[in-house]
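Pasting in a structure now, in structure tokens, and then I'll have a few things to ask.
Order of writing sets the chain letters: A, B and C. Residues in each chain are counted from 1.
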Amino acid sequence: MRWWWWIPLALFALFLGVAAYQLTQPKDEFIPSTMIGEPLPEFDLRPAAADRPGLSDAYFRDGTPKLLNIWASWCVPCIAEAPQLERLRQSGAEIVGVAIRDRPQDVAGFLARYGNPYSRIGADDLSEVQLGIGSSGVPETFVIDGQGRIIYQHIGDVRAEHVPLLLEKLREAQD
Amino acid sequence: MIAELGLAALWLAAALAALQLVAGFLGARNPDTEMAALVRPAAVVQGLLCAFAFVMLLWLFAVTDLSVKLVATNSHSAKPPIFKLSGAWGNHEGSMLLWITVMALAGGLIAAVERRLPEKTMQATLGAQAFVGLGFYAFLLFSSNPFERLPQPAVEGLGLNPLLQDIGLAFHPPTLYFGYVGLSVAFSFAVGALLTRQVTPEFARAMRPWVLGAWVFLTLGITAGSYWAYYELGWGGWWFWDPVENASLMPWLAATALLHSASVLAARDALRAWTIMLGVVAFSMSMVGTFLVRSGILTSVHAFAVDPERGSFILVLLAIYIGGALVLFATRASSIAEGERFAATSREGALVVNNVMLCAILGVVLMGTLYPLLTEAFDVRVSVGPPYFNPVSAIFVVPMLLVMMVGPLLRWRRDRLERVKAPVALVAAILLGTLAVLLIVSTTGLLPLLGLVLAAALAVASFLPLRGRNLRRLPLAVWGMVIAHFGLAVALFGMASESAFSQEKLAAVAAGDTAEVGPWSVVLDGVHPVAGPNWTALEGQLLASYDGGDPIELDPQARSFWAPVQQTTESALATRWNGQLYAVIGNEAGAGENGARWQLRLWWKPFVTFIWYGGLLVALGGVLALLGRLFDDLKRRRVKARLAERRADEAELAAAGGRG
Amino acid sequence: MTLLRHLVDVLSPREGGGLGPMATRCWAEAPAFAGARAYLAAFLLAFALCLPAAAQQSLPPAPYAYRQLEDPRQEAAAQALMETLRCLKCQSQSIADSDAPMAGDMRHQVRTRIAAGEEPEAIRAWLVQRYGDYVSYAPAVSETTWPLFAVPALLVLAVLLALWRRLRLRRRA
């Protein structure tokens, strides 16, 4: 009978432990996609910019790994990552863009101001592709292998320190 | 100057709390020393000093003294005065100052007024209160100083957040704080009684008014918060099992159980261990709630002052106070656990069921709220929401309500079910009858159905204790019980009805078009811009007519504030006795043949207002019970005083006669 | 841009200063109405609202974001499902209650799929397959959530045990 009285304390100690541990962890609000390792869903998007073709999932199955960049002209961190995307392109990575909920003129304006690293840009007006691959915000960059499988997800804007990592992932996907 | 005065008062109060702590614990061993005599005055002065500090803060906000950091970050010279004042507690530091002020005032009040308990226990209680207070003083003075100055006075304040400029939201935090802090008094009483091993009916009678008062405030705070969320947020939701909402519900559940348990202890000297444990648990829930909302550890819409450093401070306080109290409880509970016995079929038995069920519900809510925290430690993220909380808590709510219908009719200590055969049969008949009618007439989910059936039966059952009693001489406390239980039935009816019978209509309408929802026909007259002190809006004029009756005008708005940039919706409500029409206007939705079309969202929510009427009734019941107990107590004191006087007179006469 | 930077700096004081990690994505897309429950924001907001300087989200909402299905039973099923799916851009709201554009797109998905005859649970599973359990407010029994269900079951047992022990008929001492 005596041990019962210790149950509330034991439960409280458990709570203290978990809370104390969690307080030391950085609060990360990112919701990672659970589609890593899965093939891309079927999609066929109209071109978002006049000078680049549209995008479909079949394009990813040509044997070369690519970077899939989810972005939008109304997204401010995308401005910050534009130079890094350009660096990636110059290092040999092929970057394909999916513009979320964007008008052609806004896309064109953004690309004119900040550069265009994309080989193709699809317009995702209803966030269908975004939902389909488990992306929950902009910007995000995915590494897709040559068979159209999602290998890696980078959440947030691409910064200088992420460039080598993404290139490495692309190389790994090649093999 | 004002800020410095406030800060000085706070330091003095903290020093007095330290004195109260030392003197209190010394006095608990020997109540006749000089130190012991200091405890009560220290508590009273501490309360007054804290109140002074808080008034200073209010003053700073009232005059918008922009050299004070808190005012600069949370206020604005263009704010209306009432919201300037309420901005004082609408932030982390100010609300913590409010917390400690209420605590100190409560401590002062006990010190001044409470004479029923043995002096040792009072000393221990006040010492415990000071111990808890010191932690919060330390928190305030070292980590959340409300009176901190800026090196340069700010040019203008930052705090013109439109969503906080609402009268409902102005009063929501104080009522909840009075509730949380009132529970700290119960905690101190429990710890004091544990320390001096005086868990007696007298202790329960001393603690009960405090628990009642705190509970009434909690009920009002939760009801007000729910109604505010309902009309302000724009989609008619009144409860979402959000972690911060749960943080206010959990102390309420514990306090309800504590209330009933203390009544048993006061009347029958039973349930001693339960009462002490609930006294500790109720305040623990207050503190856990404070921790959850201020540390940023859980994702919630209410997340404010998310600062892990502050969270750590509160966690340490939690560990000391709650951990300490629980250790005390674990080591001493067995020595106090022997109380009077009672049969299963008795009022105590019913109240044990009530206690156990409430604690189980508390456990469910706690589990559901903290589970995402636990999984996140393992890097897994889950969401726990209404689809979990509603059915799982219903498992325990349903038996509790059933027992609640019959419990107040039973006698203390031992009763037979045959004696209450007639009322039980009546209640059963209502249950089955309502169930049958609803099954035939409507198709709703299981939970709303259960809710409606139980609400109907409980509504009648709450008045059954009045049967056969002289209504004019009924103690106020009994009226309180009846009204509180009835209020619960009313609220339950509102909740179930809203779940079962709400209808929603989304329509893109142009001026002149009609949208229909339920028995209402709503015509959009037009949409035009309006401007307010710090916002512009698009206001829709709607003419809504119920069942072809006279149209009522509704003016929902979509507002845009510019400092800070924010958009809100002002919903428009048309209230009838049998429900509310809830209208919200959205963006333009393209153009049709009749011109520009606007997104209109309409809800017809039958009997939804009963939810908050019920909450108010519950609080009213609590107030009546509290007043009843207070009047009883006053009467008893007067009688005692008169008896003592008479005995003194008689002794005098006897002495005089002896000499003559 | 300076307004944005100022707001962000005030609202997200983080080590390293400047735009903290939270501001590196357009998390909230400044959800239009108070429908995004970003209230009580005089208390420091946990996450910097990304208030883009450029024209924001000028595309209209998805067709079925704000349009109900014709069949009331299908609409009721859709509504019931939407109330239990989490808006990924908001602090803690269901997609039924949020005005964020992405929530609108999710509502569009739900409604079109229900209209096409899919079962609500299949739609939930489709979303969970993409975002994990986090997106659903109805935890399913799994190896990560079994305590959520085990504990109430244990509580029921504990309740029955407590009642049986306490209420066994006792004779007066």
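To be clear about the criterion, a residue touches a chain if its C-beta (ideal position, glycine included) is under 8 Å from a C-beta of that chain, and two chains touch if they have at least 3 such contacts.
Being a predicted model, the structure only gives us computed values, none of them experimental.
The interface carrying the most C-beta pairs in contact is the one between chains B-C.
Placing every chain at the mean of its C-alpha atoms, the farthest one from chain A is found to be B. Put simply, the C-alpha centre of chain A and that of chain B have 43 angstrom between them. If each chain is reduced to the centroid of its CA atoms, chain A and chain C end up 20 Å from each other. Here the spacing of chain B and chain C, counted between their Cα centres, is 25 Å.
In chain B, the positions touching at least two other chains are 296, 299, 306, 374, 381.
Touching of two or more other chains is recorded for residues 46, 132, 134-135 of chain C. In chain A, 27, 29, 31 are the positions where the chain touches two or more neighbouring chains simultaneously.
Residues 73-74, 87, 90-92, 158-159, 161, 163-164, 169, 232-235, 237, 240, 242-243, 296, 299-307, 341-344, 349, 352-353, 356-357, 360, 363-364, 367-368, 371, 374-375, 378, 380-388, 392, 395-396, 504-506, 508, 558, 564-569, 586-587, 589-590, 599, 601 of chain B are the ones that touch chain C when the two sit in their complex. Within the complex formed with chain B, the chain C residues making contact are 3, 7, 10, 30, 32-35, 37-46, 51, 60-61, 66-68, 79, 83-84, 86, 90-94, 96-97, 99, 132-139, 144-145, 147-148, 151-152, 155-156, 158-159, 162-163, 166-173. Those residues of chain B that touch chain A in the shared complex are 273, 277, 280-281, 284, 288, 291, 295-297, 299, 306, 308, 311-312, 315, 318-319, 322-323, 326-327, 329-331, 333-334, 370, 373-374, 376-377, 381. Those residues of chain A whose C-beta lies close enough to touch chain C in the complex are 27-29, 31-35, 72-77, 80, 101-103, 106, 110, 125-128, 130-134, 136-140, 155-157. Contact residues on chain C toward chain A in their complex (touch as defined above): 4, 21-27, 29, 46-47, 50, 52-59, 62, 88-89, 101-102, 105-106, 108-109, 127-132, 134-135.
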